[in-house]
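Just below is one structure, and these are the notes that go with it.
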Amino acid sequence: MQQKKKHYIYPRFLVCLLLFFSVSGLMGCGNSNKETGSTGSNISKDENTNNHATAKGRYMETQLSTPDGFEGTGSLVQMSDGSLGIFDYQNGIKYISTDGGNDWSCEEVTALSGIIQSCNDLDGAMAPDGSIFLSYTMWNESTAEKLYPEKYVYLTADGTKQDFELGLEDYKTCLTQEIFSPDGHLFATTDYKVYEIDVWNQSYKLLFETEHMDGLSMCTSGTQLVVLDGTFVYFYDYESGQLNSEDTVLNTFVAEQRVAGSGIALCNAIGEKAGSSLYLASRGGIYHHIIDGSVMEQLADGNLNTLGDPTRTPISLLPLAEDTFLILYQNGELYSYVYDPNASAVPEEQLTIYGLNDNETVRRAISVFRREHPEVFVRFEIGLADENGMTADDAIRNLNTRLLAGEGPDLLLLDGMPIDSYVEKGILADLTSQVAEWKTNNDFFENILQAYQQRNGLFALPIRYEIPIIAGTEMDLKGIRDLNSLAEAVERIADSGQVKWTVLGTYTAETLLEKLYPLCADAWITADNRPDEAALREFLNDARQIYSAEQKNLSEERKQRYARYMDMVYEFYSVQEAQRVQLGMDTQTQDQLLKEQILAAGYLYSMRDYRTLVSVRNEYRNNARDYRFQVWNGQTSNLFVPTGVVGVCANARNPETAEAFLETLLQKEVQKVDLNDGFPINREAFEAFTAQPSIGNDDYSLGMSNEDGELVGLEVKWPNTEEKEELRHLIDSLTTPVQTNQQIKEAILSAGEKALTGEKSIEESVDEIVQKISLQLSE
Amino acid sequence: MNVFFLNIQKFKQTIKQEWNDNMKIIPISTVHHKAWFRIRTFFRRLSCNITLGILAIPVFLPVMMVMCASIKSGNELTTLLAPVVNSGAGEIQWNFFSLYPTGGHFFRLLFYTPEFFTVFWNSMKIVFLILLGQLFIGIPAAWAFAAFRFRGKNILFLLYLCLMLLPFQVTMLPSYVMLNSIHLMNTQAAVILPAVFSTFPVFLTYRSFCEIPQELLEAARMDGAGEGSIFLALGLPLGSGGILSALVLGFLDYWNMMEQPLAFLQDKTLWPLSLYLPEIDIAHAGRALAASVITLIPATFVFALGQDYLEQGIAASGIKE
Amino acid sequence: MKSYRKFRCNYRSNGNPPRSDRTHRSKIYNGRLSQSRALFLLPSLTGVSVFVLFPFGDVAKRSFQTAMTKKFCGIANYTTIFHNQAFLLAVTNTARFVVVGIPLLLVLSLLLALMIDGSPFVQGWKSVYLFPMAIPTATMVLIWKLLFSGNGLLNGLLRKRGVPPTDWLGSDASFVVLVFSYLWKNMGYTIVLWMTGLRSVSVERKEAAKVDGASRLQCFLYVVLPELTPMVFTITVLSFLNSFKVFREAYLVAGAYPQQKMYLLQHLFNNWFTNLEMDKIAAAGVCIAAVFLIGVFALQRLWDRQE
C-alpha cells in the first residue's frame, strides 16, 4: 500500500500549483480588460477590419482657419471666461477665440514687444485668467554673449507688469516650458528639474527631478502636475507633494511613441473625468487613459487623420467637450476633431498596403493621399510588428496564403520579399504603361525608377534609396575601386601605423559582413543561375584580409566598450534606426574626424548625412588636406540600396486606386520631404529635398573630443549649390539596385563569420555557402 | 439488463484482482534461495541504476538549464547570452547556480504583463475545446472501427492513418481557402475545428478498444443492450486507458502547437501561448524563460495525473490466459 | 461467471474471436452498419471529410495543374520534382533520419524501459525522462543554441578534454544533432509505452519459463518480445508522427537553409511555399501520402500476419 501513497502525493502537489496559477491568472484577468490587446504598439497595429465596415462612429477632422503669421508656438489654453487662448511667445501675440476655435482675434501684447524683439530663449505661458508669464535672456552686445541669469516678466490681465529674476540653482539654465494650472499655480521646467514659481513672492520651489529630458511636456490634472519626459510620466500632486511615476501602461506607451519618433501632446480630461484620466495625442491617434489604469483606449485612429502623418507633430491638445478636441500642430495648423456617430468607422473604399516593416514615406503618402481622396481608407499592414515567434519567412508565407486565396492586399511593400518569385508567378502587375504616363507629368531619376525593369515588364518601383559612399583623404582612397582594391588599401593603411583603432570602423566580423554584403551579393550568382565559387572565394578572402587588418590595432577593452555602446544604441532606437545610426555617413565621418577610423564607409540616408559629409570635407580642405568621397563599390559597382520597393498586386481589388496611390508615392508632395529614409526619386522633388529646412537645421559649429582629449571642431553647414549638383551627378551615375536575397542572407552571413574569425577555413566556408546557394537555386 | 450489469461488476472485479496480483513484487529470493544469486541481482540492479542515471543527465540537463536560467538576474542573463547573439564574443559559459537569484522575472510576468494571461488562457481554451471535441467525435469513431464490422473498414482506417501523418504545409493552402469560405478565418475555431477532427485519437483509442473481447459485446447485445449503452457502460470504462492516453498526448501536442495558429490567426490577441514566447533575445530573456517554465507546468501536471490512469487502463485491458 | 471464463479462455490478444464464432456472428449481423451504429462514425467521418479529405483532394487536384494559372498539365509536376535536386536531397535526408531515428528510439527506449522496470525508483526515472516532452519549442531553441553552437557548451566540454571541437550545426554532424533532439524529446514517452506493454505481459508465462530454466535473456526474447509486438506497431506509428515535429526546432535553430544533412522535406515545403511553388508542393504531397499509404499497409499486414 506504500505505492498508493506515492501515487497520490504527486498529483496533489501539482493540483495545488495549478490552483495557485489559476488564482493568479484570475487576478490578472480581473485587472486587464478585454482590450488588453491595445496596450501594444498602436502605431502599427493591425486592426481587425472585418468589423469596421459595419461599425459606426468616427472622429471627423476639420482644419480650422488660423490668422496669418500663426506659427504654432504656444499652447491652447481654456480661458476662465470660456474662450480659447493661445499665447505666441515668439512673436508676442495673444490669440483669442470665442467660438470654439473657428475665428481668432489677435492682439499684440505691446507691453512685452520690446523684450520679445530683442531677447533670446523666449518661453512663455498664459494663464486662464489672461495673465502672461514670459522668460527670456538678454543679449550682451559688447561681449556677444547671453546674459545670465534669466529674467522673467509677469503681466496680469489688467496690465500690471512685474520684472524679476529668480537665480535658479543652475546658473546657465533657462526654463524650457511653463504652464499655468487652472487654479493659478505656475510650473516650469528646465532640462531635468521641475519648479513651481510663485510670481507674487518672486520665489521658486524645486519640486522634483526627471531622469531624461527628451521632449518634456506638461499638463495639469486636478491637483496633479503631469510631466512627460519621453520615457516616464510623472504625476506630482502639488498639494500633498507626492510624486508617482509608476503608471506602467502609460510609461510603456510613451516609450513606444518615442522609439517610433512620434511627439505626444497631453491634457487633462474635462467634466467628471477631470483629475482621474488624461487624453493624449500621438501619431497613433487620440487616446484616453485612466490614470493608473491598465488600458490606453484609442478614440481616434491616427491612420485616418493628420496625426498619422510623420511630418506633423502635435504640440497641444485641448478637449472642448466630451467628443470634441482641438489639436495644434507644430507647423501652425489647427484641427478640430468631432465625433460623428453616424459616419462609418472607416471610409467605404479600402486600399490595403502590406509590408514587412514600417516605412515613413508610405505613411506620409497615406496622409497626402487621404487629403486628395477622403473617401478611401488606406490601411497599412505591417507583417513583423511585434517581436514574437514569427519569423520573416512565416510572415511571407502567411501573405502568400492570402494572395493565393484571393484575399491579398492591393499594394505590396516588397522589401525583404522574394521579388523574383512574385514576378515569375505573376503576382505583381505590369506597370510599364502607367510609368510611361507618369513620366509625362513628372521628371524622375530614371536610372533608379526603372532599375527593376525586366524583359517582360516593369513590376516594382523603388520609392527611396540610399547611396553607399566611401570617403577619406586622397592618399587613403587611392586605388580603391572595388572589393579587392579595398582589401589591399585597408591592409596597407593598417600597417602604416596611423591607425588608432580601425580603418573602416567595423569592430566585429558581423558588422563587417553586414556592410559588405549588399555590395557583393549580386556577384555570387552567375548569369545562368549557378553559384559563382570564384567570386565567393574572392569575397571571403578579401573580407578576411580586411577583418584581420581591422583587428590588428584593436584592444580587447576597446572592443568591449564598443559592444556596450552598441547595446545602448540598439536599446534606445528601433532596429532600423539603430542600423542607420551605425552605418550612416553622419556617424562615420564624425568618427573619421575624431581619428577613430581612417576611412568613412557607409550609406547616405538623408541630407543630414550629406551635410556632415561635405562639412567634413570642407574641414579637411581648410587644413590643406585633400579629401574626397565616391560611390562605394564592392564586387558590383554603382549600386544603390532601395528603401522601399512598391508593387501593385495583379489581382488587387481596386487597381486604379492602387495605381493612384503609387503615383502619389512618387510625386513631389511626398518625395520632397526628408524623412531620413533615403533620397527622392522625383527630380523636381530633389530641389525641395535639398533645400535647407527652416527649423532645426541651422548651420552650427560642433566641438568634439575623442578619448585622448583631442578637440576637433566642425562647422556644419548646409550644402551649397555646387555640392547639391555634385550629389545629383552622383545619383545619376547609379545603375544597379542591390538585390538582397533576404532568405539566404542569414545563412551566408553566419557561415561567412566563421571564415573570418578563423574557425573554419575559407575553402570550407565557400563550400558551405555554395551548397546553400545551390540548394536555394535548385528548389 | 440487470444480469448484464451484474456480470460487468464481476468482470471488473476479476480484472482488478489480476491487476493487484501483477503488481505484487515477487522477490526473486522466494524462487531461488541462493545467496550468490542475491548479490548478482544487487549488482545488476546497481549497474542498471547507474546507466539510467548517466543517461538521464543529458536528458534532464536542458530542463535544468531552463529552470536555473529563469531565476537568474537580468544582468547575468545578458552576460551569459551575449555570445549566442554576437558570435564573436567568446566562449559560452554556464553556471547552474545563479549569483543573484531573483524571482523578478516570474513576478513581472505574472503581475505586470496582461498579455501573458490573455495568451495563457487562449491556450487553455483552445486545448480544452479541442480535447472535448475529440472526446465526442473521435472516441465514438474509434469504437466504431473496433467494435463493428463493415465494408471498407480497413481501407477507411488506413486512410485515416495516412492523413494523420501528412505535414501541415501540404494542406495549408486549401485549408485556408476552405476556412475562409466558411468565415472562420482569424477566429479560434479555425484552429480548434480541424484539430477536433484529427484522426490521431481515433488511432490511439482504437488499439485499446481492440483489446476488449468481442464476446462480451456479443453477450451484452444478446441481453438486449443498445449500441449506445454498450459503448457507455462497457467501451468507455474498459477502454479508459486508451482514451486517457489519447487525451494526454493530445494535450501535450496541442499545448505546443505552432504552425496552425501562425497561419490561421492574424489577430495577436487570439494567439496561444506557444506563439507568444518570443524569439528569445537578450533584452527579454528573463521574461521568456519565466514564461517557458510556466508553460511547462500544466503539461507536467497533466502528464503526471494521466500517467497513472494510463498504466492502469492499458495494463488492465491486456488480459491473457 | 462460468460463461465468462469460457469466453476468456477462447480470447486471443488480437481482439478477433475464433473462427467458429465469426461465422456464427455473421449470420446475425450482416456486415452493414445499422442506423445507430452509423451514428458513431458519422460525425467523425463528416468532419474528417471536410477538414482533412477535402483539402487533400484539392492538393491532389493542384498536383496536376500549374501553380498560378491552374491549367491542366498532366504529370509534368511529378516529373519536375523527381528531377529536382533539392527534393531528392530532402527525401534522402528524411528517409535517412527516419530509418536511423526510429529503430534507435525503439531499441534504446526498450532497453531503458527494461532497466527502469527492475529499479525501485520507477516513478522518478519516468518523470525525468518524460520532462523533455513538456518543454516548449521556443525554449529548446535557445538551449540547443547554447549547447551546439561553435563556441557552445558542448564544444567547451570537448575542448577541456582535449578533443578538437566540431561545428555541430555547420557540418555533417548536424544530422547527429537532429537525431539527438528527436531521441531526447521522445524517449520518455516511448519508455512509458514500452513499460505499459511490459506490464501487460502475463506474469504466469514468465514464471513458467523461469521454472523451465530459461535465462533472463531467453525469457525476454521468447516470452516477452512476442507479446509486445502489437505495441510495436503503435509505437512505430507514433514515433513516425513525432519525427515530423523535429522540423520546427530545426527551423528555428538553423534557419530555412540549414546544413545539407539537416535539410528535411518540410524545409523544402516551407521554402517552396515562400516562393509560391504550389504545384511542386502538391505533387510532393501526393507522393508522400502514397508512400505512407503503402508503408502503413505493409506494416499492418506484417503485424497481423505475425499473430
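In this document, chain identifiers A, B and C correspond to the written order of the chains, with residue numbering beginning at 1 in each.
Going forward, contacts are C-beta pairs under 8 Å (C-beta built on N, C-alpha and C of every residue); 3 or more make two chains touch, one makes a residue touch a chain.
These numbers were taken from a predicted model, which means no experiment stands behind them.
Listed by label, the chains that touch chain B and also chain C are A. Should one ask which of A-B and A-C has more C-beta pairs in contact, the pair is A-B. Chain geometry summary: the mean Cα position of chain B and that of chain C are 15 Å apart.
Measuring from the averaged C-alpha position of chain A to that of chain B gives a distance of 47 Å.
Chain A and chain C, compared by their mean Cα positions, are separated by 50 Å.
Touching two or more other chains at once are residues 87, 172-173, 177, 258, 274, 277-279, 300, 304 of chain B. Under the contact definition stated at the top, the residues of chain C that touch 2 or more other chains are 138, 150, 252, 270, 273, 278. Looking at chain A, residues 10, 389, 391, 397, 404, 750 sit in touch with two or more other chains. Interface residues of chain C, counted against chain A in their complex, comprise 67-69, 84-86, 89, 123, 138, 150, 167, 170, 252, 255-260, 263, 268, 270-278.
Those residues of chain A lying in contact with chain B across their complex are 3, 7, 10-11, 14-15, 17-18, 21, 24-25, 27-29, 31-32, 36-37, 39-40, 46, 48, 50, 248, 294, 386-391, 394, 397-398, 401-402, 404-405, 407, 508-510, 563, 571, 750, 753, 757.
Residues 23, 82, 86-89, 110-112, 114-118, 120-121, 172-173, 176-177, 180, 186, 258, 262-263, 266-269, 271, 274-279, 281, 283-284, 294, 297-298, 300-301, 304-305, 308 of chain B are the ones touching chain A in the complex. The residues of chain B lying in touch with chain C in their complex are 7, 10-11, 21-22, 26, 31, 44-45, 48-49, 51-52, 55-56, 58-60, 62-63, 65-66, 81, 83-84, 87, 90-94, 136-138, 140-141, 143-146, 148-151, 158-167, 169-175, 177-178, 193-194, 196-200, 202-204, 207, 210-216, 218-219, 226-228, 231, 241, 249, 252, 255-256, 258-259, 273-274, 277-280, 285, 288-289, 292, 295-296, 299-300, 303-304, 307, 310-311, 314-315, 317-321. The residues of chain A lying in touch with chain C in their complex are 6, 10, 389, 391, 393, 396-397, 400, 403-404, 418, 421-422, 425-427, 743-744, 746-747, 750-751, 754, 759-760, 768, 771-772, 774-776, 778-779.
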